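Before I ask anything, let me first share the structure, which is written out below as structure tokens.
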Amino acid sequence: MAVNVGLIGAGVMGTDHARFLTTSVGGARVAAVSDPDTGRAREVADGSGGAVIDDPVDLIGDDRVDAVVIASPDPTHKPLTLACLAAGKPVLCEKPLATSSGDCLEIIDAEASTGRRLIQIGFMRRFDPGYVAMKTALAAGDLGAALIFHCVHRNATAASYTTSENLIANTAVHEFDIARWLLDDEAERVTVVSPRASSLGGMKDPQIILLHMTAGSVVDAEIFVNAQYGYDVRAELVCEHGTVSLTPPNDIQLRHAAREGFGHPEDWRPRFAAAYRDELQAWIASVKGGPPAGASAWDGYAATAIAEAGLASLASGATASVDLQPRPALYHSP
Amino acid sequence: MAVNVGLIGAGVMGTDHARFLTTSVGGARVAAVSDPDTGRAREVADGSGGAVIDDPVDLIGDDRVDAVVIASPDPTHKPLTLACLAAGKPVLCEKPLATSSGDCLEIIDAEASTGRRLIQIGFMRRFDPGYVAMKTALAAGDLGAALIFHCVHRNATAASYTTSENLIANTAVHEFDIARWLLDDEAERVTVVSPRASSLGGMKDPQIILLHMTAGSVVDAEIFVNAQYGYDVRAELVCEHGTVSLTPPNDIQLRHAAREGFGHPEDWRPRFAAAYRDELQAWIASVKGGPPAGASAWDGYAATAIAEAGLASLASGATASVDLQPRPALYHSP
Amino acid sequence: MAVNVGLIGAGVMGTDHARFLTTSVGGARVAAVSDPDTGRAREVADGSGGAVIDDPVDLIGDDRVDAVVIASPDPTHKPLTLACLAAGKPVLCEKPLATSSGDCLEIIDAEASTGRRLIQIGFMRRFDPGYVAMKTALAAGDLGAALIFHCVHRNATAASYTTSENLIANTAVHEFDIARWLLDDEAERVTVVSPRASSLGGMKDPQIILLHMTAGSVVDAEIFVNAQYGYDVRAELVCEHGTVSLTPPNDIQLRHAAREGFGHPEDWRPRFAAAYRDELQAWIASVKGGPPAGASAWDGYAATAIAEAGLASLASGATASVDLQPRPALYHSP
Amino acid sequence: MAVNVGLIGAGVMGTDHARFLTTSVGGARVAAVSDPDTGRAREVADGSGGAVIDDPVDLIGDDRVDAVVIASPDPTHKPLTLACLAAGKPVLCEKPLATSSGDCLEIIDAEASTGRRLIQIGFMRRFDPGYVAMKTALAAGDLGAALIFHCVHRNATAASYTTSENLIANTAVHEFDIARWLLDDEAERVTVVSPRASSLGGMKDPQIILLHMTAGSVVDAEIFVNAQYGYDVRAELVCEHGTVSLTPPNDIQLRHAAREGFGHPEDWRPRFAAAYRDELQAWIASVKGGPPAGASAWDGYAATAIAEAGLASLASGATASVDLQPRPALYHSP
């Protein structure tokens, strides 16, 4: 009765997904694991009694696999997602759906031609209790219309190969998705502002990204990937009658050594652990016949399209427009 | 491979346990449900594809049941737990283990005679991320020895049949257990102080309960079951070099109508949802062969013994001593 | 020995200044008051044993007056400040110094020709304990270079005659000054972004104003004068190694009616009461022979010049540059 | 027109008072200073243009002195206060009024025989904005009757000569006064509880002191004078419908080095700077003919009487009663 999940990619994210599926999500088991590093695949598979299948396409087609989680490198997302569609199997694909909006559109076309929603994108923030509570507060109506959405996204340190472009294409893409979801709106224009760069990291870091949404609201997102002090994600939604903001997810407060406060995690995994778990739980429920959950392929396309406009703005210094294709009927309902 | 759980009691707590076991804990399924209200039992069982077994003792003995959750009324805990021991099946019993320390000792004797730990008591706070982080902070050593543990336990409103005694026997018992666990120590003496009573509720409410622990630290716990404004649990551990306290578990902050702040839940279920889930997850792991997790039968006995001393102090106005029997070897390790 | 202060303007601000000078600042007394509303002037003067002098220019010239506070309407600031310079008397002039940058330059020329600093502008935030602590934290060096300064300025409601332009010229001007002071830098360019307007107030409200500073840091200020929920000023300075932000100035926390939090004031006076007091105390100390304190006429000019660029940007929708005249030697030291 | 203040004691507190009187309080000047250390007296006097008068009794009698501040060692308070009464001069005496309740009663008798209130005791917390806001919140009525008052008073480190008794007689006395004032009630019984002592300091530290008030409410105060991490005063008033608590007086929040939080001061002076200033301002207003402000000699007596009961409880381990003499009519109004 449990959903047999095939996991592609046994790196940090894949291992986390496997652990959640095994211990913290009901009605699922990791049935097969694929990774170029067979030892790593074996380790994850052993933890859950699953098989190791070397070729990810074989895994997708295997009868022992009901549904697929893709946590392999970005360039593999497109072909593997298409293979899942071809096999008619539900897939939870880590962001991005594909590395260009054109590729995303191909996937959308392929999914639309199947006539049903098989793809969920791993924009896990949509399941974070804080963002969920923000959306609930907005929907309650007391706050009135949304006008500004302030976002802050800080990493302690970025990998050495990180570029100025990565801040937009890999990091800010989370803000793009959560803003679209929270405001239930699309972005029309993107402007990237580059303040004085930190002397650490050797790139344009931090950046401020402004989105003009169709309904007129403005999103301003600070992206700072070498913020040093820790991983920190903040957001405040400013509405006509008040605002709602995330509170930092600290369980305890220390008073010690002349200071009072709490710690920031080093990366996003503890910060969004509940979101990852709830995302998987919702995905399993949809695989079992529930309605689609989380971000769709369309959402993956839209986030990538905003990122491309952002990269254009970063290069030109001017505002860039986001030109989306018409939304297929398959994605009209949420 | 999943653990087949038999659930006794399909009330509020039992229904929550069934939901968690079905959706949020890996490797478990609700195989059978028993409740005097057969319709209620049927509803819970249907949600998880389990059977309904009218007699809880039959459920315990049924081959389809690997392990048992007891969420039925307090007076049933003793006979049902003993039945689980007789059947050699692991059991997660909601607090209290039994309604008197004498009865608890009988159960301890029975478990000790089996030679292994089969009983976990549902003191879920031991799995709350906040308390866990407090214990981790204390263990880290920077704070030095624990000296005082300030606790606050407030309910919005108490049921109409609540008595002054219930504040100690049913509510404060959570503080007794968490203090013992956090401080890794036993209580020697209990003093109940009764401030001016709230005009709401018609009983001695609030109360301040002081525990003197063996190592000399003091626990002071405010118990206030008609606090009106919401469910609120707070704690601060004062140590030689600093303190650590729980932060209120709020995901968002609202600025609206001339105020800034966050909401308190009406009862304990949202507050301790993560704790309940993690408790069940740890229990399932122990059922599958892991080490015992959570509170033992000894812990259930000790909490009940402190409550009895508290009731004596409430009645006499004087300090009462806690006289525990020797701890059997089975409970020497944590 | 006390400084005899002549007060011009007995409205809300003037009355507050008189009260502070009488009760909360040592070494000063209100010696004379001038206001077109003689009754109001009389009331304020009686509270401090001062004289009423109808003509403000007579007040400035009066032998009983050592130094002057100008709290009369904006258009009077220029002629009255010039009269103070002519009389050789120190003056604390409420912002703005004058209503155009050209007029400000005339005053700067006049002051420069006296060879000494007689003018202090009432940018009181420079004395707010929060902003002072931010500047101290930045100066301490641990945070590294300043990169971004996020500002939020919200009023509960704006007067009915408020225009979109007022948000920049009257409200944001406080952010302009405090950013210049905190960063010890000048603004080069201003961009005004207008999000969807609140349906309350009938103007472009809120606005986001971006300043590009000479050293490359960026200031983004949300100005929202019909924010409804209260008066709220926030700021976070983002530096290479960490950030420092203002905390809301709440003395107490209430837990009541299912919520926990604190109140926001209706306007700026309670929020900046300490700043106004300390500003006056510093001004009196400088009048008594101490070094110049607070914002200079140059600072008043620079803030007005930024506001003019902001108005140009609001009108054009494009970025506008701030072109300052060379800074006279008189204003080279702080 | 300014009040000429004679200051006795030019130590830390006296110097602070002189500075506040000179710079931050209107209508006052330090006219004379007395201290056994003449150099120190001279330094303080020079800062304000005052005279040095070696003998404090001479200072009290001097025609250049209108009112007296006593900031000399505790044993001098009684004779100097009596000298002020004899001279008919208002006096602000640092706590304690005298070192025994019997001595306090002598002073009360002397003041009562003058028929007017000349003595204010330096319980500055009554002027702290936080405590004032708490009292206002209680008086507003929404919270209902007060039931419990939780207090925490922590010092970073205590002087080497501090004894277990000092925690009650010198430190907790502030809690005694503020509780009486906030609750508008007297203490009937005192119980001192001594938890495990910190290994730092060599005394019974911390202590928990319980006051039973006449109206039934209970005050529990943690006193911890070697708390290491900083000076920290907290309070929460628990009422029938909600609670009100002090918020920590932090102006800024730092995010740095993996942590977010704020600093605690090393001692009470920055924490209560506003309280000291407002206390002096209110005292000067009363000297100029306004109604009595702050704590009266009766309040000084009551606090000392509670401290004596506390010392009895500390010695005996049992609850001690507070037996106040009848309150003279002079002290019936606040």
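Per-chain residue numbering starts at 1, and chain names A, B, C and D are given in the order in which the chains are listed.
Simple rule for what comes next: contacts are C-beta pairs under 8 Å (C-beta built on N, C-alpha and C of every residue); 3 or more make two chains touch, one makes a residue touch a chain.
Source: prediction; values computed, not measured.
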Selected interface, A-C versus B-C, where C-beta contact pairs are more numerous: A-C
Farthest chain (mean CA position) relative to chain B: C
Mean-CA-position distance for chain C and chain A (Å): 44
Distance between chain centroids, defined by C-alpha means - chain A, chain B (Å): 37
Averaged-CA centre spacing for the pair chain C and chain B, given as whole angstrom: 57
Touching two or more other chains - residue numbers and ranges from chain A: 229, 241-243, 250, 253-257, 262
Chain D-touching residues of chain B, taken from the complex the two chains share: 144-148, 150, 193, 195-200, 206, 208, 210, 215-218, 220, 222, 224, 227-229, 238, 240-243
Touching residues on chain C, where the partner in the complex is chain B: 156, 229-230, 232, 248, 250, 253, 255-264, 266
Residue numbers on chain C that touch chain D, as the complex places them: 1-2, 21-29, 49, 129-130, 132-134, 137, 142-143, 241-247, 249-257, 262, 274, 277, 281, 285
